[in-house]
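Before anything else, here is the set of structures, which you'll find just below.
Presented sequentially are two complexes of chain A, the first with chain B as partner and the second with chain C.
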Partner chain A sequence: MHVDPFTDRNVSEQSAYYYVDMGEYPQTGWGKFKQVVKRSLKGELFVGLWVVMREMIKFDIHTVQYPKEKLPIGPRYRAVHKLLRLWESGFERCIGCGLCEKICISDCIRMDTRIDEESRKEVTEYSINLGRCIFCGYCAEVCPELAIVHGDRYENASEQRAHFVIKDDMLTPLDFLTAGQQKEYPGFGAITPHEDERVTKTPLAY
Partner chain B sequence: MNEITITIDGKAVQTQEGEFILNAARANGVFIPAICYLSRCSPTLACRICLVEADGKQVYACNAKAKEGMNVVTTTSTIEDEKRAIMEVYDVNHPLECGVCDQSGECELQNYTLELGVDSQSYSIPDTFKPVQDWGLIKYDPALCIMCERCITVCKDMIGDGALSTVARGGDAIDPALKESMPKDAYAMWNKLNKSLIAPNAGTTLDCTNCGECTSVCPVGALVSTDFQYTSNAWELHQVPATCTHCSAGCQISYDIKHTSVEDPEDKIYRVKNEWNYVSLCGSGRYGYDFQNSDVTKDAGQFNAAIAAFKKADTISFTSTITNEEAMILQRLKEKFGYRLINEEARIFKSFLNSYSAISGQSLYSGNLKEVHDSDFVVSIGSALKTDNPNARFAMNNAISMNKGAGLYFHPINDPVINDMSKNVTQFNHAAMMEEAALYLMLDLFGDKTAMPSQIVDYLATFHSTKTVTIEETIDEKVTETVVKKVLNEETGIEEEVSEEVTKTVKKKVSKEVEVDDNRLYDLLNAPAGFADTLTKYLAKKEKFALMVGPDLYSHPNADNCARLVALIEKYTAFNVTMIPNLSNTLGAALICDLDTTAGSYTIGYNTTGNFTLSALGDGDLDMPALNQQEGTLTSIDKRVNPTNAAVGFGGYILNDIANALGFNESLTINYTKQLPVNAGFESVEFDSLPNHYTNAGVEVRGYVLKTQSVSINGDESVIAFDEKNAMSNALVYLANPVLQFTPFTAKAHQLKESGGLYASTAFMSANGVIEGDRVRVKTAQGEIVVNVIADGKIEGEIPYLPTFDTQINSGALFDGYRFANVSIQKV
Partner chain C sequence: MDLAFIIETVVKIVVILLVFSALAGFGTYFERKILAFMQRRLGPMHVGPYGLLQVAADGIKLFTKEDIIPQNVVKPIFKLAPVITAATAFMAAAAIPFWPEFTVLGYTVHPIVSDINVGILYVMAVMAIGLYGPLLGGMASANKFSLISAARSAAVFISYEVITGLALLAPLMMVGSLSLIDINNYQSAGITHWIAWSQPVAFILFWIAAFAETGRTPFHLVANDHEIIDGFGTEYSGMRWGLFFIGEYANMFFISFVMALIFLGGYGDGSIAGALQLLLKVAFFFFFFLWTRAAWPDVRPDQLMWLCWKVLMPIAVLNVIVTGVVILIQTQGGM
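Right after this comes the complex of A and B.
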């Protein structure tokens, strides 16, 4: 769509803006009274009442019985974060690169890292201050390992918000992983389809 | 050196004749990529990425010298191709672990790869297995190494340890066919890279003075600090510009701080960084950063006790680990309440300076370390250089290795580190108390005898005599021999024997008696045999002379005479003189405070013992902030007043609070910065206006330089003769610190924690039948202590030393001022 017609905000033949046909507003008190009566007592009211009555009799109720029932949410919905594990080894995906911490625009992520016994970078603590998090999804998008993702847990009622974002709570439990329950994340930062075709391969000598 | 103008990319650039094009460009804000070049060191020519075209010819900017009117173009299409190929080659097999690499974006490989837009790879070679090596304070990951050899260069040209070199890498050779298809320089660079790796000369671990400068110059994450590894990303660290507080060098550093952990938001120092192109740190500066007095709260009871103690006291005793501002407060307290100020090492330094001024007419010595760096003949007298002031040692080494220089080192303890600098350094391991002889020797060798006072000339002449020595000379002699040869007679076809006379020259040794000048000062100073000839060789083509004198002279029983001799050397020789102050701010304390000799009855100790102790070490009656918790200025060996900032917080009372409680009224300690005594050379400037950085041209923009004041002189240039009978020939012990330690503050840092003992060379240990860990009783005329023996591989000879950094060892009490003492050492 071209933006040019919209930049001209003077309503005219050439611009994309036009006046909506609103009709005249009643000017007198009597006129206003007539409009109220006309709108209130129109037969349309009973159309709506009839639909409700009909559905009630048919017992075809569309109301979601929350919290017994929950609607599925879109894969790109950004709820409370999760930390994923590698499918093969069960190791944490997070390598402690700190990019999420860096990119976080509300500065609510902090992590502690150290060198572990196997000379790997280990993330000993990871925390998100949900009081500040604006669920923008940058952390999930920047993560080079698809380690931090947005989960589907949008119910944030607890005594403390911190309960959602202790590292152990965010990390996929091992039994959950072995049961194949960890969901791969299709949202922000996930690999797009046909990515392979776009990669220029580095030559290898062996 | 002439000022010349060259043109770089159409921009007229002023520079010195003979300056490298790269340095000229950098100083004038023209960007030329370069990976392997280090300012102040020799060009390595490993990376070849600094290719430029000078007057139509391709040259390496780091190695090509600027000439008048030169026209330099930094980029042409061939150069672009070369650079691109070079960066591609660097990226071959470089592990993609940027996410965890400690360089975390401060990576020159990453920067240049992006700068040159390398988005695909054309080259490949099978990788080899290169496990990570743990070298103690440092870790080396050969897989990340790009073989720029900056670590080797800095270690050799700057530090002087020469602890690293290249070793064979192994693995496949590069496909020779690439020679045709690849850009020429990229191929040559790859060929070199593919053959080598870095390794310590001592085998599997480092044998050096642990300065860690190699980690600081590493452009990638190959050499990293073991302690820092994987603890933080560079971008999270906030850099606090500061001045290193451990010795008088006053190096520019930055404390890199960040919150301690997720739970603890308090600032913590994670590492120390330096501007490695312009200043090199020693290990104490780099690793000894967390000496802060932490977890201190304001305890009004203790504070009131301190005020009561101040009201009661008549003496304040302090060390030179103090800012100028604090020294100023102490001086103000003295002026108001008449306290005696006791700081013995600053006092002897001040009296040395005064004696020096009496002849030189200058309040301060003329030299600084920059001048030592630029000189080509360096002499050090009376200092255990590598531990008294590591930067002075770096300066000496740098001068000798970069300026084709030579040096002399006068000290009773043989230092292998000095020997390793260059073969053009001679050590005089003279007897203790013979420092004056060394100073006289300087006057004798370099003094302008026509100008010098006749008394001194006559005195020096008494050391000279002629003696007849038999020398062996090799001469060429012509020898004629008759040789029988078999020659084929071409007519007859028969071999005939023919005699032939052949003349040839042979080398022959002959003994010859010659009359030579015998300088007895050489013998008194234990000069190596044939030193007179060595010196002639040393002095060829030498232009700039630098002399460094150290604390052995200030504590010398004849310090006054030593100082006068130093002034005479400065006056009558080409040497410029730099004095090495004992501690971080000895110079500042000496200039600011009127120091007294004897203490009164009730002493307040500031970082030292007293009836009431204020201590930044956390062991006193009232906690004080350590120097990384304070802002203020420190006066360095370069006579520079350098600002330092607080890196971590302090919750307790500071000296200014005490001063205010005693009737002063300054809201901040740094209000005293502009009150520093102008008549001692300080400037009246606000602390906040003091800069602390280096420019791209390497100009030090830090604080300000003290103004040397002229001192009236009476023309008396007499010096007294030294008595050679004073030479201390018995067993001796020295007062010095081991490498990496200066004060209790360095020993408090978690990476440098150690307890002191009697540091001894292998020669001492085998001569005395002790091994490392033995308990020995060290007894001098002043007292005795029992300590452990600690082996020190960085000294030779039979003089052990006792440290001052360990508060558990009261080593100072064993010495009567002078740093050497007669000793008896017994195993217990």
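Right after this comes the complex of A and C.
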């Protein structure tokens, strides 16, 4: 919808706001009586009755029966985080660079890394303190590997906040991955569509 | 007074009590559903199919809830007030014929507890006593909102009761009897003989007053949620509050019966079809109570009193005078 007329709060010809024509308020008893008769006999009451009756007959119900039906959420919705795996190997995408930990403005991400036997960096622990997380999405945006993303899980009732955000809960389970169930996240921090065509080679010679 | 009569009367009383207690429960279900549909919602859906068992769930909740009696209330009156509302609502039903008389196994049943000769007067009088429920409950509650509600209920009462009486006077002058069965039989010749056609003004006035009598939406100011919480019901909990509720809904059904009997021909000639028509008329009046609640705003107490005293009462008096003159001319002409 065109919103410009609504942003102008000054009542004028151009804006969408206008004064309701209230008319003169009757001062005398006779004037009040005439107003009541006019309002009663003009049929305004019956217009109201007709409107609600029409809605009842049309039966255009807008209720969403929530646990059974759910409204779709937007692709950029930022719900509880997920850690994704690589499609081919099933390895964790997270390389333990620590950027998310660093950029997190409420300081709620904590990760432990170590160098494993093959001299690769391994993430041993990864947790998000949901009591402090403000769901700003910076971690997903900064992640170079598209490893930490926001999921679509917004039903967060639980006995413990920690039930959502220790590493095992966020990480895609392996059987889930092999079943092809891991979803790429189209939202915050994800690569834009047709990114391959737009990427150019890094110029090495300056 | 023989034993058969006593047994019959007791059975009738029990049947009326049970049927209308249940109807009061289902009345809340219909109200929630119809209001929901009119506002594009679904209403209760989770307890039972289409939420039908919501009534049972509410009943269980009301019965098992803790009965709280606040500290500073006037205890005996506080405890008594809901009983007054519920009891008077059902007492009023004693003179209302709910069905034409019928014969079962050679025994003629009159589906009215007592066809007293001042029937409608008794009904209106007992319904008026129901005022003491909100009035006493509100005054005994030690709560300012309840007190306001009590004051309002008294003010509203003296306003609408005048309209009710004067509006009823004109049809009663035509019928010449206060018994609801006589009033019904006066119109038994068919739809053209309905009193609503010969007394449209009285019909409308009584209908308006019925909204004030039952405290339904245009005149819901006794327990207006957005102004005074639940009015006289604010401090009540559990089944005591439930009694207020049952009384209110039973009153809606009974006043619908009274309107259908007096103005819309009642059960007509007494056939099954006529009886079903009576139920349809009652259903329409009940539906209209809910319909207006979805559509209309509430008026202020002063507006209601202004309307009753300065607009409706003069019209009602004029109506009585005109009816009297017309009846006089007719009888004189007949002589």
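Just so it is clear, the second predicted complex is superposed on the first by the 135 of 206 C-alpha atoms of A that agree within 3 Å, B and C clash if a C-alpha of one lies under 4 Å from a C-alpha of the other, contacts with A are read in each partner's own complex, and residues count from 1 in each chain.
FYI, contacts are C-beta pairs under 8 Å (C-beta built on N, C-alpha and C of every residue); 3 or more make two chains touch, one makes a residue touch a chain.
Keep in mind that what you see is a predicted model, and the values were worked out from it rather than measured.
Q: With the two complexes superposed on chain A, say which partner A:Pro144 touches: chain B (first), chain C (second), both, or neither.
A: first
Q: Report for A:Thr63: first if it touches chain B alone, second if chain C alone, otherwise both or neither.
A: second
Q: For A:Leu45, is the partner it touches chain B (first), chain C (second), both, or none of the two (neither)?
A: In the superposition, A:Leu45 touches chain C alone.
Q: Looking at A:Met53, would you say it contacts chain B, chain C, both, or neither? Reply first, second, both or neither.
A: Second partner only, chain C.
Q: So which one touches more of the residues on chain A, chain B or chain C?
A: Result: the larger residue contact count on chain A belongs to B.
Q: Under the stated touch criterion, which partner chain does A:Arg114 make contact with: chain B (first), chain C (second), both, or neither?
A: Touch partner of A:Arg114: chain B, not chain C.
Q: Touching chain A in the complex: which residues of chain B?
A: 98-100, 104, 119-126, 132, 172, 229-233, 235-236, 259, 261-263
Q: Sort out for me which residues of chain A touch chain B in the complex.
A: Residues of chain A touching chain B: 95-99, 101-102, 110-115, 119-122, 125-127, 144-145, 200, 202-206.
Q: Where on chain A is chain C touching in the complex?
A: 29, 32-33, 36, 45, 48-49, 51-53, 55-56, 59-63, 65
Q: Which residues of chain C touch chain A once you look at their complex with the stated criterion?
A: Those residues of chain C that touch chain A are 34, 36-42, 45, 291-292, 294-296, 306-307, 310-311.
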